[in-house]
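Should a chain be cited, it is by its letter among A, B, C and D, assigned in written order, with residues numbered from 1 in that chain.
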Amino acid sequence: MNSNMDELQQSRVRSIFDNANFVIDLGLRLTQIEDDYCETVLIPGDRHRQQHGLIHAGVLATMADHTSGCAARGAVGLESDVISVEFKINFLRPAIADRLRCRGRVLRAGKMLVVCEAEVFAEKDSEEKLVSKAMVTLAVKQLSGPSS
Amino acid sequence: MNSNMDELQQSRVRSIFDNANFVIDLGLRLTQIEDDYCETVLIPGDRHRQQHGLIHAGVLATMADHTSGCAARGAVGLESDVISVEFKINFLRPAIADRLRCRGRVLRAGKMLVVCEAEVFAEKDSEEKLVSKAMVTLAVKQLSGPSS
Amino acid sequence: MNSNMDELQQSRVRSIFDNANFVIDLGLRLTQIEDDYCETVLIPGDRHRQQHGLIHAGVLATMADHTSGCAARGAVGLESDVISVEFKINFLRPAIADRLRCRGRVLRAGKMLVVCEAEVFAEKDSEEKLVSKAMVTLAVKQLSGPSS
Amino acid sequence: MNSNMDELQQSRVRSIFDNANFVIDLGLRLTQIEDDYCETVLIPGDRHRQQHGLIHAGVLATMADHTSGCAARGAVGLESDVISVEFKINFLRPAIADRLRCRGRVLRAGKMLVVCEAEVFAEKDSEEKLVSKAMVTLAVKQLSGPSS
């Protein structure tokens, strides 16, 4: 994994993936972390579909939320964690894809709140199309105690 | 299942569940359909959790989106289907629950767009708390052909 | 003005109106305050219109945001103030009205964040229609010093 | 005004400004139009403020909505008009500015819906800061008759 971030901070971001059952089960993989930026990939299968055979809005929303959380987590430093307050997502095109790639970036990292945006791209036949865009607000939580 | 809706329309709403792999896999169950209203239930398990042991935002978002879709589907009539355009969801409290219940209702059903709201309640120790609230915009799609 | 709220807290909520040039200039009036609830009224005129003669989305958004702010301000106590973090608003019907009435209520008041919803109703020919609905997230700010 | 757009289409976008009382009254000015892009400027004054002396959220929201509407109007062609369905806006920093500049761009222009994003920048002491970001969904309306 390509990153300029220091190893300890990287491991904190990775732990958001390694300890989150729902996104592991979903098949979401972390592919890049930078300061203020995170990228994830998901290979869609039959189990991700809704009634019309398209990828379910909930899959795209989960990608956008979780990838934003990782970008935010990288921005707040070792002593803090983040938790989603709210998000809004637009579905721009039917998501038909061999691979979904989500790019999350921090728009603003404050002491109490971090605001991110996340774009989900559908890759098919070596073309990439923007299929969803989200804005995500996260609250910063101070971690305490020696083990955290 | 309790409903005043006629049987054919009910079966259309149910088919949104029966043919949607992602929500079947998630464990979401349809418990009530009325005109302009839909209710679903999910029993949270370890696989629905994020890194802090709470229910993942993506699970709550999927419930809100899909339940809204069913409420909207019930409102648009037999000749039409609906698809999510966008939604916004707020996470109001940590979702700790024996059972999650989502209530979706139609705020406005137009010819081209339907707007719904969905509330997710956490049931624990016979208490019910509002943990998330969403607003969902859906586009109406005309179905065509004899088989639809 | 009808209210169960104590007078000091009421005066704090009213001050959000009396000191906010933009909403005074807009013509927004505070008509009711309760714990967790606020109601405002605006008489639309030509200056509130957009290019099609309808009331501008920005007028409805300002009503929803400011009324939510007052409902939130009433909920956080004397030692705290609130500021908008974000909001989302849906425009459900064309706003044609003799009078617009906005009802804002608190969905969740936490220590750091308050989440409200606000509904805007168009009153015309003694009928009332829901024309917009918003969800608003506000941050709580501690006030300090004797003069605040 | 700098633009690559043809003159007739430009005049359509300008008419969204020239005929919208609320934004004229607000002081919003159109400074640039391109295909899929629009830029506006507002010089904030005392009348745009809220109770803490900051620019009111409703002013920023109106800028974001209207500028998005112009970007969308430029994208849909001469035979169509647009109307706001919903938007979501985040307030990232206190808006303290000599001048506000809003940049709206089209993320996706479909036959029925256009989705835009709009960023509002505060210019002060020759520095520019992102103070708000919005996502706006608009419906496409077919114009009819020879005069439109």
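What to note about this one:
Everything below uses one rule, namely that contacts are C-beta pairs under 8 Å (C-beta built on N, C-alpha and C of every residue); 3 or more make two chains touch, one makes a residue touch a chain.
Remember, it's a predicted structure, so these values are computed and weren't measured experimentally.
Touching chain A and chain C at once are the following chains: B, D.
Note on interfaces C-D and A-D: more C-beta pairs are in contact across C-D. Seen from the C-alpha centroid of chain D, the farthest chain centroid is that of B.
Taking each chain's centre as the mean of its C-alpha atoms, chain A lies 29 Å from chain D.
If you average the CA atoms of chain C and of chain D, the two centres end up 23 Å from each other. Looking at chain B, one finds that residues 85-86, 88, 90, 115, 135, 137 touch two or more other chains.
By the touch rule above, chain C contacts chain D in their complex via residues 15-17, 19-23, 25-26, 46-52, 56-59, 61-62, 65-66, 81, 83-91. Of all residues in chain C, only 88, 90, 92-93, 107-108, 115, 117, 130, 133, 135, 137 touch chain B in the complex they form. Taken together, the chain B residues at the contact with chain D in this complex read 85-86, 88, 112-113, 115, 135, 137, 139.
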